[in-house]
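Each structure below appears as structure tokens.
You will see two complexes here that share chain A, one where it goes with chain B and one where it goes with chain C.
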Partner chain A sequence: MAWTKNVLRVNLEAGTCTTEPLNMQWAQDYLGQRGLATKYLVSEIDPKVDPFSPKNKLIFVTGPLTATMAATGGRYSVVTKGPLTGAIACSNSGGYFGAELKFAGWDMVIFEGASPKPVYLLINDGKAELVDAAHLWGKTVWETEETIKTQHQDPQIRVAAIGRAGENRVLYAAIVNDLHRAAGRSGVGAVMGSKNLKAVAVRGTRTDAYQMANPEAFFAATEAGKKVLAANGVTGQGLPTYGTQVLMNVINELGALPTRNHRDVQFEGAHDISGEAMHEKRPTDGKANLVTNGACFGCTIACGRISRMDPGHFSVKDKPQYHGASGGVEYEAAWALGAANGVNDLEALTYANFLCNEDGFDPITFGATVGAAMELYEMGVLTEQEVGFKLPFGSTEAMVKLAELTAKGEGFGKIMGLGSKRLCTKYGHPELSMTVKSQEFPAYDGRALQGMGLAYATNNRGACHLRGYMVSPEVLGIPVKMEPQATEGKPAMLKAFQDLTAVVDSAGICLFTTFAWGLSDIQSQIQAACEGDWSEERLLLVGERIWNLEREFNLAAGFTAKDDNLPPRLMKEPAKTGPQKGAVSKLDIMLPEYYQLRGWTKEGVPTAETRSRLGV
Partner chain B sequence: MQKSLHIDPNKCTGCLQCEMACSWENHRSFTIAKSRIKVFTFHHEGRFVPYTCTQCDEAWCMTACPVDAIRLDPVTGAKIVLEPTCVGCKVCTIACPFGTINYVASSGKVQKCDLCGGEPACAKACPTGAITYVDADWTGLGKMRQWAGKTDTNPATV
Partner chain C sequence: MRITLKLFASLAVHLPAQARSRHRVEMDVEPGTTVAEVIRRQGIPPGQCAIVLVNGVWVAPPERAARVLAEGEILAIWPPVAGG
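What follows is the complex of A and B.
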């Protein structure tokens, strides 16, 4: 019984915190974390609600393996209706916060309504209260965490907070916990800001928060799992050494690195911003950007990057607060802040990444929006007068300046805070926004990798890499090698990945385990932790159920098959260079097959039979 | 051979597997708040440092205890708290120069590392080798070897 079976319901309008038992039937059907919170959200809100309305809800949720010795068992998610996309938003984070929430005795916290004034939620095991946050409003995430710990004289409190971006409703604002881990995408931080909720601070010390169904079997299963991770080349060597940045040179050489707003598929400066470069000594001060690798709670992979900037770099020269070590660039951030706009200055990328953590905004959408703005500028649509400075592709100074303005919500930063879809639409070129469902692509070109293109188009939370990582088969050969340009077998592989990913997320572990773990490795841990019979077949059915529930929410919110699409650039403009030269997306070939495999109509709607099979 | 816990902070990633293992061993729960080993994060230095009792030979905690509730395990060398005898006076927590013996409010007793009877769960759980259980007389062996490897054994040339 790896659930705490307790839900904390916080009514921000009334200022009340109440406890209710977890719906165990739903836990059996949706497992936990992403799936379970989605079930609660879908059952409690109108899909057509304005994301910033008090009627939208915001759910922090852990999984049955969160706060356990299962490797990577520290994940929590934030689920809400997202303001960037208008679709279901579910953003997953690591660090230590999620485990602390569960040790305090909570599977999930549901926030409803909006507070009349800024508050933060303070949880001390079973005790929860809303505390005035007037003194924290306007502060960064970093200042907020430090102030809360000092104020309560407890350095062991874990904090998840929004920065100024969330307060200013930047549509891709993140919720940042433990200073540099983030529920990063889809603007969950902006919803938190709209509710006047500055932070959630937790201290969890209960030994009876939850019980394992079969402790001895669980121990054995987690030990076996850790051995598999250690022995695997990706999780045992590549990720600890280079982090996700192990991919930068690989993806570039494959001609799948979107560059300058997807005009190009290879970046001449890729090496300068790569994982390898983070290890190299800087000519300026003789030190490497990377200080060490760091783990999230319970993680035996430890892919996290801890970086220290060159204190002499122009961006931080007179700003000692950025001279210490902090969360460095992961692959997606390095791509977005760098290749997506042609910037190859690793130190500048690190600084912008620090700002994203400090004030809580998604570096992927931000960086991609910079790329879009630079293209509009080069076309002459966006002028120096409007922006306040020159904005050509490759301008390090401009990227840094835009990050600062977006963090503070000043000047052109206000427009940047809308994301590329609204930016490009405002200037008459919506086709230049590299998005699906208004959310920006991450670091893999959807033309160069056909399966990733399909993954983006069909993703329930808009373009992202974390819901069906077709890079695994198309680049890494996991579990089988698939040629990037092939379409055969891709819809079936994607469906399997999407369903499996939903299971992994909902268990409360990290997706990166699946470079090494198969379903059986995960199944044995869930089986030992949770009551009931959790066969592999049942888990995949749970994953499929979750995927369809998210889909149903989006359909009810007004999305249609027309939104399962890619920008014209990926459909019509061939890749210019590299091994995938000449490629355009073959989405039209793959999508009908995908719908069919999903048991959906040609309009992308689950059939009555599918609905009844899944019980959605 | 007497063994001792050996900590190499450079290898620590802050995953807290050791804290969960410790809590599980002693409380049958993964609750890190109950762990006797703590990993400290020095965020702005990019350092993670596991820290626990080093089992002093002349243990201040043992000497200070007025009821003889802290005893030496002759096999492992660990200083062990006898819970039934401990009265929760906390004098040991004041005496210990390192802070590695602490009061547990829920039990009314103190707790400290007891080396798990010679099979420390933290060392077993550590995925990076930051915490090992090695020959007490040779905790420096790894570092010696590292430096030995750097010694220039080529004859000097004129």
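What follows is the complex of A and C.
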């Protein structure tokens, strides 16, 4: 069996670490990672609990394909009740930490309670202990990882940590592992900070951590899967060469690039911050921003960006610690730190992205919050006196300054740490927050791409592109081409994507494989790894069950159909330029059909029949 | 008749050297020129043309031989790419 069958339960209040067997019935029903940890969380906490209460729990979880030969099998997730949204939060990360945790013999670590003083969890295979972290509190993610490795004289320890943003409870604080991979969205890092938990440090060396149900079939299935990824133009060439950032020009040409807090749908500076621009030699020092690409554990795609800044750039001129190569901007970060604010300085974006990694906060929500603040400033609602400096759209200096203040929790950075919903509400304009369920949109305009609008509105963790990526059919023609403004067929396609994505997120592999892999490619690997019958039909049923379980949690937490909505700007203000000019969201046409396809009532509640069919 | 051709990512090599960094070139074509003809003229392997937009609107592979370009239109082409 591809599960280790071991759960580590850490009571932070009592300071105890105990082992318990994995609930294998739940593993059969929810597979692993996202689905399985959600089942544990939903079973153990009150949905109405304050996310920062010790009664909230924080779960680190791997999947059955994590730490295996499956391509991209290095994923883990963090599941909790999120402080930004008040909804279920599940944040997924790559790097090497997840595989290390599984090699140490654990499917899952459940943190409960809150520690009376800062601690970190040290796992060495089967041994786990809480260690005093007084000397780490106040340090960045990068300092924390280096200190732990030095302290234990082991460079191979893998560390997932919070920076000052998590300690300060920035509502979109991330948990960062391997220096620049992150469980980035929904504020899982702030929950970690509220528990006085600075880091999880793992060394895993067990070769008997898990067993394959059918090793020969697994070798064959994973080998075949890798050949599919290598032969595919997207996963074999496009992503390794240009990364996700290649989308910047595509989405801009299509008129779907949210710009200046969604006031516009095209950005005149898009080319300057694109994947292509990262390859160009800078006029200042003759070097390109992009140094190389990078891969997570077991990944044969390698989409990661490793960048080096121009040491003469104003933001780092006197800061040599940022002159080395580190995690560069992905598409989402480049959009949020750039187009969302009207900033077209690639070097400044790279610096702000370094800060997000260094102190652990989500560049999407941060960048979008900068955009909202700039709009409030231009309206005269937010003043220079309050912020401490001028804050017009397109100000590189202001964006950089806000990133520094948010990282440190100083000055106006404290307000920025609340996210755009609370910021805009505080200044009397909640309608200017570009959010769903208080979480900021990523880099696709929900008017210009109708299916993405529906995906945002119905997403269980608030606005996000990773739970039903309608960009595939609406922009890329994968698996079929759908017109951006069409509504027909979108609810059904979205439901299929949401359910499939829940399977991928629960298996331990990366969502990017699905640019090349179909369900059958994934099914054959899960079937060979896990005992039992894992047919494609059953896997999709598991995905649908997970989606509904998350929905039930949110309903119990107090969310209703009214929260499946988009900001008025997307519903009423037509797109101003480009091929989607004049478009507003047609959510009202698509949502009723979506509810019906989901087996939900008109109020968005799963019917008794749906609950019975799924066993939720 | 003048159109704008934009070639992104690895397709930029099919642009004149001085136009590659901005990924665009303005070019004169005969009236009646189709999308497929521009692709052929620039020596771009048709199999590498995964995303083809004219003024931001998708042109599917079977339509490329029939889609006639008009004065001032922007033809943008990408190889197989994706993101997230």
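Keep in mind that, in the parts below, the second predicted complex is superposed on the first by the 616 of 616 C-alpha atoms of A that agree within 3 Å, B and C clash if a C-alpha of one lies under 4 Å from a C-alpha of the other, contacts with A are read in each partner's own complex, and residues count from 1 in each chain.
Just so we're on the same page, a residue touches a chain if its C-beta (ideal position, glycine included) is under 8 Å from a C-beta of that chain, and two chains touch if they have at least 3 such contacts.
Note that the coordinates shown come from a computational prediction; the quantities given were computed from them, not determined experimentally.
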{"item": "First (chain B), second (chain C), both or neither touched by A:238", "value": "second"}
{"item": "First, second, both or neither for A:288, with chain B first and chain C second", "value": "neither"}
{"item": "First, second, both or neither for A:578, with chain B first and chain C second", "value": "second"}
{"item": "Which superposed partner A:298 touches (first chain B, second chain C, both, neither)", "value": "first"}
{"item": "Residues of chain A contacting chain B in one complex and chain C in the other", "value": "none"}
{"item": "Partner chain C, residues of chain A touching it in the complex", "value": "232-234, 237-239, 241-247, 249-250, 253-255, 271, 275-276, 280, 330-332, 465-466, 469, 471-472, 475-478, 481, 483, 511-512, 515, 578-580"}
{"item": "In the complex with chain A, residue positions of chain B that touch it", "value": "13-17, 20-21, 23-24, 27-34, 43-48, 125, 127-128"}
{"item": "Footprint of chain B on chain A - complex, ascending", "value": "67-69, 71, 96, 99, 103, 156, 179, 203-209, 215, 219, 226, 230, 240, 291-300, 302, 304, 306-308, 324-326"}
{"item": "Complex contact set, residues of chain C against chain A", "value": "6, 8-10, 12, 21-23, 48, 50-51, 53, 55-58, 60, 74, 76, 78-84"}
